[in-house]
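Order of writing sets the labels: A, B, C and D. Residues in every chain begin at 1.
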Amino acid sequence: MLYFTNDYSEGAHPKVLEALTVTNMEPLDGYGMDKYSLSAIEKIKKACQNDKAEVYFLTGGTQTNMVVISSLLDTFEGVIAADTGHISVHEAGAIEYHGHKVMPIPHHNGKLMAADVKAYLETFYGDANHDHMVFPGMAYISHPTEYGTLYTKEELTALSEVCHQYNLPLFLDGARLGYGLTANDTDVTLPVIAELTDVFYIGGTKVGALCGEAVVFTKKTPSHFVTRIKQHGALLAKGRLNGVQFDALFTDDLYLTIARHANKMAQKLLQGMVAKGYTPYIDSPTNQQFFIFENDVLNDLKEKVVYSFWERYGDSHTVIRLATSWATREEDIEALMKLIPTRG
Amino acid sequence: MLYFTNDYSEGAHPKVLEALTVTNMEPLDGYGMDKYSLSAIEKIKKACQNDKAEVYFLTGGTQTNMVVISSLLDTFEGVIAADTGHISVHEAGAIEYHGHKVMPIPHHNGKLMAADVKAYLETFYGDANHDHMVFPGMAYISHPTEYGTLYTKEELTALSEVCHQYNLPLFLDGARLGYGLTANDTDVTLPVIAELTDVFYIGGTKVGALCGEAVVFTKKTPSHFVTRIKQHGALLAKGRLNGVQFDALFTDDLYLTIARHANKMAQKLLQGMVAKGYTPYIDSPTNQQFFIFENDVLNDLKEKVVYSFWERYGDSHTVIRLATSWATREEDIEALMKLIPTRG
Amino acid sequence: MLYFTNDYSEGAHPKVLEALTVTNMEPLDGYGMDKYSLSAIEKIKKACQNDKAEVYFLTGGTQTNMVVISSLLDTFEGVIAADTGHISVHEAGAIEYHGHKVMPIPHHNGKLMAADVKAYLETFYGDANHDHMVFPGMAYISHPTEYGTLYTKEELTALSEVCHQYNLPLFLDGARLGYGLTANDTDVTLPVIAELTDVFYIGGTKVGALCGEAVVFTKKTPSHFVTRIKQHGALLAKGRLNGVQFDALFTDDLYLTIARHANKMAQKLLQGMVAKGYTPYIDSPTNQQFFIFENDVLNDLKEKVVYSFWERYGDSHTVIRLATSWATREEDIEALMKLIPTRG
Amino acid sequence: MLYFTNDYSEGAHPKVLEALTVTNMEPLDGYGMDKYSLSAIEKIKKACQNDKAEVYFLTGGTQTNMVVISSLLDTFEGVIAADTGHISVHEAGAIEYHGHKVMPIPHHNGKLMAADVKAYLETFYGDANHDHMVFPGMAYISHPTEYGTLYTKEELTALSEVCHQYNLPLFLDGARLGYGLTANDTDVTLPVIAELTDVFYIGGTKVGALCGEAVVFTKKTPSHFVTRIKQHGALLAKGRLNGVQFDALFTDDLYLTIARHANKMAQKLLQGMVAKGYTPYIDSPTNQQFFIFENDVLNDLKEKVVYSFWERYGDSHTVIRLATSWATREEDIEALMKLIPTRG
C-alpha cells in the first residue's frame, strides 16, 4: 500500500526520535521549564531573528488555534478568516465553543486578501448598527493554506498593514510552515513572518514531530499565558516531549531539511501527473497536491494507494489530495506513477 | 417630526399600560408564578390550539434567541440560519458567545428555504470529515423575516419536514409575529406555527408591549428551563411585568388588532409610495417597508422624518426602512406622503 | 393575606408608574439613547458626586452581576465573594456559565472582610503553583448583604485598599442599595460608594421599580460596553422602560424616600417582635429582618402571612425572613403583630 | 542531585519508548484509528472485564477532566468534588472556563465521602429555592487522591450508590491509577472501578508514558465523543502516539509492574523516614509520601534533593511531598536517607 493521504502517517523523523531516546532518562523540570524546551526557544528566536519574541509549545493545531485566538480576543470580538480556513471548517467549532465568531471572507486560492479584509472592516465601521454586531478583533491566515498555496511577501505585507491600521493582531497558522518556507521561489522567510505577524506557530506534528507546535508571539504576549494554556487543558506535565523534539528540529536545519525533501517529492509527483495528462486542481508549490480524478479510476486506485478525499467535482469526478512528507521516498513516487493511468 | 424608524418608538399600547396600572398594587408571587402570567399562558396555549405547549416569558428578542438556542443545542452543535437572520448579524455574537456556531445559508428574500437546508445537511453528512466539523443541531427562521417577508404554509411545512427528517428542532423567531399573522393572504396561523415548529416566540416588545416575548415549546421543553433562564440572567423577579402585559395582549384579540392596524398603515404607505413612483426594494406584506432613495432626497427628508438606514445602494442611493406600529395614525402617513417628492 | 415575603411583590411605586404613563406616547430613540435615560444618568452622576462616572441600565440583578463580572475579568480570572454572596449561591451558576470561578470566602454576618481577602491573596501569591490556579481578578460584595447587614465606611475603605493594592476592581451589588443608604447610623453614602468602589449598581427592581438596575462605573468603563450588554441579551429595544423609571426614582429623592419608609416599617416590625419576646437571628438595620420560629407556630402563621423560608434551624425551628417595602403600611405591621404569638 | 519531586521527571519507561521506536516508520491512520490504538483499547477493555466499555485516548490530566466533565454535564449543572480535588484547585479553572461550577465538599484525607455527598444532595433538593441554584450533575473523585490516599471498595460502593440514587454519573480521575491498583491491601481493582463508576481514566503521563490518558466509559458514552474531543483541541493527528504507548503499557502487565515498583520504593522511603523519627503527614499507601520538615533542614536539603513544596505548616515548618516512580532506584532511596538528618 502506498501512503499519500497526509503528512502525518508515520511517527517522528528518526533524528527527532533519537533526541527523545537520548534524553529519556534525564530527570527534568516539568511544564516546559526543562533545559531542552529553553534551548529550543532560543534556537527558534534566533531563526526568527527576533530577540523579543516569546515562544510556547503546544500539542496540536486546533489546540493552538483555540488557545491563541481565545487569548487575543476580548469577549465581544471575533476572528476574520478565509471561508476555507481551518478554523472556519475543520476544527469542530472550537473557536465558537470558546465564545468567538469566526467571520468568514471568500478566499482566493485559499488565501485571505488584504483588499477583502479592508472592505470588510470599512463596511463594518461604516454600518451605523455595528455596536449590535461582532467586532472584528484579529485576522487568521494559514501559510501554506489548506490548498497548499502561499502568500507572497507583498500580500503578507498588505495584510499586515490593513490589520495594524485597524489594530487587529495578525495570526499565522503554520501547521505546515516548513513546506512554505522551503518552497521554490517564495520570498516569505521566518524573519519576514516574525516581522509582519503578531503571532504565528511553527507546526511540528505535520513536519516530522510526533506532536507539537511552537507558538511565537513576536511583539507582545498575552498576560499569564501559561495559565491560559493550562485552562485549555493544553499544558503538558512532561513539557520535555515538545521541547526535546523542537530542539532537534531546530538543530542543523532539520526542520527545513525535512520540509524541503517533502516539497521536492511533491514536485516530482506533480511533474509525473502532468506528464500523465493531469492538470493540478490548484497550483500548489508545497507538499499538498490536488487533482481531479474520475470516480471509476479512483475506485481502482484505492486498492493500492491511500489518498485524501477532498471534495466532489460534479457527479462523476472527485478532487483528491496527495501529500508528501519527510518519509516519502523517490521510489514511492515512481510506484505511484505506475499506478496512475494516463489521462485520455 | 414624523417617526417611521421602527415599531418600538412609543411605550406600550394604552390597554397594555392600563393592565399594568390596574394590577399594580396587588401583591403577587415572583419569578413568573403570578396569576396573570398563568392566565396569559393559558390564553396563549388556547390561541395556539395546543394543550401540551409550555410557555415562558422572557424580556427581549436577542435574550430569547440566546436562551432557546443554547438550551436546545448540545455543545458540539450549531444552528442553521439564513445569512440575513437576526442571530447571524445583529445580536453581537450572542450565540457564539454562548458557545455555538451560527451556520449561515444564503437567504431568499430573507427566508431560509427547505431545499437549501436539505442540501446543506446532505453535504454535511456526505463529507467523510464531518466528525471534525460543527454538527447542525437545529434550524432558526424569523417570521416575518428581517425584510418583512413571510413564509407560506407550504414553505414552512417543507422546512419542518426536512428538519424533522434530520432530527433538528425548528425554531421560529416571532419578534414581529403579529404582523405576520395578520398580513393579507397569509395562510400561516398560530396553530399552524405551533404544529410545524418545535419552539417559537410571540414578540411583545415590537407589537405593543413595553418589553416581553412569549416562548412556546410546542412538543417538548428543555429540562429545568427556569434554571436555564436564570443562568442567562433572564429571570425577572417581577415576572408579573411580562405576564400582565401578555395577559392584556391576549385578551379580546388585542395582539392581532394592534398588528392588523400596523399592517393596514403599512399598506397605505406602500400605496402612497407607489403612486409617487417608487418601487419597493422588496415585496413586504407586513409593517416594514423598504425603499431606495437618492441620497440627496434623504438629506432633505431627515429634517422631518426619522427612518432607518438599511444599506447603501451604489454610491448615490440608499435603502431605507419605514416601519409602522400600533401608534401610527392615518394622518402620519398622509403627512409623510406630503414630504416625499414624486420620483422623476 | 399579609405579604412580608419580599420587597418585590407589588408593581411599581405609583410615581414610577405615573412617569411611565405620562411619557408613554412620546416617540423616543431606542436602546437607551432616549432623553429620559440620559436625564436619569445625569441625576445619578450628580447624586454620586462623580462627573466622570458612566451609567448603564440593565434589567435585573443576576443579569447585572453576570454582565459586569464577565466584562471586568480576563478569561483566567475569578471573582472573590463571600460564601453567602448572591453570586455564590442563588444565581444558578451564571458566573461560571460565563466562564469564571466564584472564589468563596467565609462571611461575617454576610460580609466579606478585608483581612480575609488579604489573607486569601497573600496565600495565593505565596503559593509556588499559583500559575496552575485561578487568578483572583476582582472582588464582589453586596450592600446591604443577603442578611440585610451593612458595611461601615471603615470596612469598605479597608476592602477598597486591599483590592487596589492587588489591582482588583471592587464591585458592589446594590440590588437593595436604597435600604442601605437610608439605614439608621450608616456612614456609607452614595458618594462614599462611588469613591471606594470601581463599579456598583443601584437596584431598582427591589426598590420601587417594575424592573431595572443602574450600573455605575466610577473610574473606567469596559470598552464597548453596549456591545457587551447586547451580547448577554441584556439590551432593551425600549430602553426608555428603565430610563423613565430611574429618572422618576432620582427626582425629588424618591429612591431614598421609598427606602427610608421601608426601613422605618422594618424597625417597627423589629420592635414589635422584640416586644413579643423574639430575638432577631441577625442584627439587620435594613428592610429584611430574620427570626427563628418554632415550626408549629409557622404552620399556623402561613395561613395568614406570606413570609420567606430562609433555612432550617435544628429539627423543630426555622429561620424566616420578613421583608418590608415601599408598599408596606403601618397597619400591615400592626396586623402582623396581632398574628404573632408572644414567645414563651 | 536526587529527584523526588514528582513521578514525571523522566521520559517514558524504556519499554514504552521502545514501542514508539519499533513502530515509528509504519504508516498508520490518524486521529486514533490506527491499529495500535485499537489494540490498546481491546487490552484495556479486557483488563476492565467490561466488553461494553468504550475507550478514548487523551493527552493530559486537566484536558481529560475538562473534556469528560463538559461532555457529561448539561449547561445548568455542576460537578461535586472534594475541596482538595485537582479540578477544585490546580487546573486553572478549566472546568469553570468551560461553563460549570465545581461544588467543593470538605475532604477526608483527600477523599469525598458518600455521607457528605448524600447530605449535600438532600440539602440541595430540600431547598425551596434550588431552581435558582446550580444543579449537581455528577461527582468527581481522584484515586489515588492528591494526598496519595485510596478509597476502599466499600467507600467506593457507597459513593456509587448515592450517585446513582440521584442519577449522577461518578467519574474517577486516575491520573495515578496504577499506584492505587498496586498498593498493599487495596481491594479496589480495575474491574471494581469499571463496575462502580460511569467513567474513569487510566493515567499514563504519571505512570511511565511520555503523555496520554485512557478514558473509559463503562456504561454509556456521550454522543459524538470524537467531535467533543476535537472541539476541546484534544484530538491528536498522530493518535498513534497515545495508542502505541498504551498498547505497550497494557502488554505483559507493564502498567502494573511500573506502579508496583514505585510503590515498593515509596514504602522503603517511608520506612527509612520513620526510622529517622519522622511521622508521615498523611498515611499514604502509594507513591506520594508527605512529611513535615523544619524549614532550616529543608534549606540544607534543597541543595541535593529536588522535592515538592506542599504547604506551609506554621511559621517554621513545611509539608513536602516526596514521590517515587518507575525510574526510582533503591540506591536513590539509600542516598536520600543519608541526606536526611535524624529527627531530634
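Basically, a residue touches a chain if its C-beta (ideal position, glycine included) is under 8 Å from a C-beta of that chain, and two chains touch if they have at least 3 such contacts.
The structure displayed is predicted, hence computed values, not measured ones.
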item: Steps in the shortest chain-to-chain touch route ending at chain C and beginning at chain B; value: 1
item: Chain labels contacting chain C and also chain D; value: A, B
item: For chain A placed onto chain B, the superposition rotation in degrees, Cα atoms, nearest 5; value: 180
item: Farthest chain (mean CA position) relative to chain C; value: A
item: Selected interface, B-D versus A-D, where C-beta contact pairs are more numerous; value: A-D
item: Inter-centroid spacing, chain B versus chain A (mean Cα positions, whole Å); value: 42
item: Averaged-CA centre spacing for the pair chain D and chain B, given as whole angstrom; value: 51
item: Where chain A and chain D are represented by their mean Cα positions, the distance between them in whole Å; value: 34
item: Residues of chain C whose C-beta touches two or more other chains; value: 75-76, 91-93, 97, 99, 131-133, 227, 230-231, 235
item: Chain C to chain B touching residues, read off their complex; value: 1, 3, 6, 8-12, 14, 17, 20-21, 23-30, 59-67, 91-94, 97, 205-206, 210-211, 227, 230-238, 240-241, 306, 327
item: Sites on chain C touched by chain D in the complex; value: 75-76, 78, 89-93, 96-102, 126, 128-129, 131-134, 309
item: Residue ranges of chain C touching chain A (in the complex, touch as defined); value: 70-71, 74-76, 99, 131-133, 135, 223-224, 226-228, 230-231, 235
